[in-house]
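What follows is a set of structures for review.
After this come two complexes, each holding subunit A, first together with subunit B and then together with subunit C.
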Partner chain A sequence: MFAQIASGAGMTVVITGASLLIGALLGLPLVAARRSAWSPLRALATGYIDIVRAIPPITWLFLIYFGLPQYALRLDSVSASIVGFSVIASAYMAETYRSGLLSIPRGQWEAATALGLKFLPKARYVITPQAFKVTLPAVAAYAISLLKDSALASTIGVHEITYQAGLASRATHQGLLAFSIAGLLYIAMSVPLAVVARRVDRVLRRKLEVA
Partner chain B sequence: MTFVDQWISWLPALTPGLGVSLTLTGLCLLFGMPLGLVLALMLEGPVKMLRAAALIVVEVGRGAPALVLLYLLYFGLPEGGVTLSAFATGVISLSWTTGAYASELFRSGLAAVPAGQREAALTSGLRGWSGFRYIILPQAVRISTPPLASLAVTIFQTSSLAFVIAVPELMSKAYALGSITFEYLSVFALTSVLYGSITLLALAFVRLAEQRLSRHL
Partner chain C sequence: MELATERTVSPPTLGGVKVLGLHKSYGKHAVLHDVNLEMTEGEVVSIIGPSGAGKSTFLRCLNYLEVPTAGTITIGDSTVDAGARRPDRACLDRLRRVTGMVFQNFNLFPHLTVRENITLPQMKVLGRSRDEANAVADSLLNRVGLAAKSEQHPARLSGGQQQRIAIARALALSPKVMLFDEPTSALDPELGLEVLAVMRDLADEGMTMIVVTHEMHFARDVSDRVMVMADGRVLELGPSEQVMTAPTHERTKKFLRAVLDR
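Moving on to the complex of A and B:
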């Protein structure tokens, strides 16, 4: 039974990883818009972030998987869940980036401007390296919660851990065992993420204190 | 505006589901919050056995997806000879999730009470439990309230998971309506509007209350 349930781990990783990557990339223009000086763009980005996060993930998945085919955009369950989680991740990542940016003192922007740096080099060499240190633990924490959310993909038939556990429990009538294995697998998968995040955080914190 | 007409005609079919969702959320908070406080006290307490037990409950509750916990109890309880309705199973399972997350918030609230308060309690002759009960705990609860309120909103969203064990809440009503009308997009858009508007309203209320309360800090 363990082998069957663990066979879903690959799919869980694919969905979590792909959504996190796409969400992380989409989050960049989103946070730029969220902090834009032009208020309509800012309002649009704020609205997007708030609304995306206000709707439960399962509703997003159903909207995309069952709703979109009505207008001829038919996605298979794997792509539908990646699209859904990417949308959700983009909003959360944008907020994560934003809190990272907010943690940087204004003086850093002003100092970079005083040195004659244009926007891109300023962002690239001054702000991003500092924001990165603050943001990384938060990104790791979000990655863990996305990993757990990916269990929802089983409801639209993606063959990941929870789906396999469901199959196993129906086949053997040992639901308690099957879902205990599934739960432990998720915990086991999130432990390395948490350990790495904590270690990186400690190293970076030490560096920040020195600086 | 056929879209709007359609939504208005569907609302009576969805509102009972919304009621179940809200009841489910309310019960989970009612059981989950005290559970979280007890778990936090067990974790901070001196008894090693209790600490270990609480640690397992919290780590499983936070580490495993809420969906898996839901299935675990739904399929697991009957195997242990306990047969409950889907709704009761949903309440127990989501209360577990709520309690696990709340315990961490209570713990960080306890940690945020300045050490001087403990010392002041001691010098006032309030030792052990009474000092904790009358000096530390009220302040910790006060500090934990805003994050707990945000957690409450998250739990409302999480209650949508009860759909998978056939609790007749909003999501399952929406799915049923979709499979009758085949207007999935429209049905789930309306469902999103319902979830979204309640969540945003609740969050705005939490933020307002937070501002009000922090005036006295």
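Moving on to the complex of A and C:
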């Protein structure tokens, strides 16, 4: 039974990893729009972020998996869940980036501007490395919560951990054991993630905030 | 129109500064009224005055960290006409190329070592190679007496040391004019001295400098002229000795009494 449930771990990792990556990338233009000087664009980005976060993840999945086919966009369950979680992740990541940017003192931007650095080198070499340090713990926390949310993909038939545990419990009538194994698998994945994030965070802090 | 002709008639010398009719307002609230300043290359001007006078705002307009609402700024051979809806990008870049700025709070990049702070802008703005940039950084660090600190992160250093590094970082881009925005205000008096010493050396070497400061000795002894500002206006501008010892304006007398006779 353990082998069967553990076979879902790969799919859990794929969905979490892909959504986190896509969400992290989509979050960049989103945060740029959120901080744009042009107010219509800013309003659009703010609206997107608020609406995406207001809808529960499971509703998003159903909307995409059961709703979109009405307009002929039929996604398989894996793609649908990656799309759904990516959309959600993009909104959360954009807000995480924003808090990172807000934590950087204005003087850093001003010094870089006064030195004549253009937008891209300024963002790449001055702002991002500092923002990264601030956002890393939040990103790690979000990755863990996404890992757990990915269990919802079982409801549209993605063969991940929780889905496999459900199958096993019905086949053997040992629900307690099946879902305990599933729980342990989630722990086995999220705890190391948290530990690594904490360690990296500590190293970065030691390097940057020496004094 | 009149301003434009005047500018073409008397262009500033190579590293000179010419600011004509600079205005700045936030909405209806005007913070700078018609500020004018002409400097020849190598001149040092100190700007003094009560807080809220617009001294820092004026300085920050010169490299467009603040956007002036009207006026013309010429530094070296770069001219920017303020008030235009959106000043030409290339003009702003040139203006920032010829000015170096030193801030009250140093604003060193905390994630980079001292040497990287000085090399990064050289490589990204001037396109220097890492070796060239390192050579410039090392010679400047020598000059400000901090060669031994090049591998440290700024947080390990005292405020005075950080400010000297900020000066080196600005100098590394070979600016024509150095703008100092209260460079010693965040420092203990003793640490301020080492920064002032570096600035004095710079002035002796012929750097054109505009210094917003509360250091009255520096204003009197090092700068050629002193500009007194209050309420967004220039009250007087004249040779340091004269302004500091025999000011003409009543407001200046009051201010100087407050800072000197305490």
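To be clear about the criterion, the second predicted complex is superposed on the first by the 210 of 211 C-alpha atoms of A that agree within 3 Å, B and C clash if a C-alpha of one lies under 4 Å from a C-alpha of the other, contacts with A are read in each partner's own complex, and residues count from 1 in each chain.
We adopt the following convention: a contact is a pair of C-beta atoms (placed from the backbone, for glycine too) under 8 Å apart; a residue touches a chain by one contact, two chains touch by 3 or more.
Values in this document were obtained by computation on a predicted structure and should not be read as measured data.
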| item | value |
| --- | --- |
| Partner with the higher number of touched subunit A residues, subunit C or subunit B | B |
| Contacts of A:L117 with subunit B and subunit C, given as first, second, both or neither | second |
| Touching partner for A:K133 - first (subunit B), second (subunit C), both, neither | second |
| First, second, both or neither for A:A165, with subunit B first and subunit C second | first |
| Touched partner set for A:P40, first subunit B, second subunit C, both or neither | neither |
| Partner chain in contact with A:A178 - subunit B first, subunit C second, else both or neither | first |
| Subunit C-facing residues of subunit A, complex | 105, 107-108, 110-118, 121, 125-126, 129-130, 133, 207-211 |
| Residue numbers on subunit A that touch subunit B, as the complex places them | 50-51, 54-60, 62-63, 66-71, 148-152, 154-155, 162, 165-166, 169, 173-176, 178-180, 182-184, 186-187, 190 |
| In the complex with subunit A, residue positions of subunit C that touch it | 63, 65, 93, 96-97, 99-101, 103, 105, 107-111, 120-121, 124-125, 153, 155-156, 166, 169-170, 173 |
| Residue numbers on subunit B that touch subunit A, as the complex places them | 59-60, 63-69, 71-72, 74-76, 79-80, 157-158, 160-161, 163-164, 171, 174-175, 178, 182-189, 191-192, 195-197, 199-200, 203 |
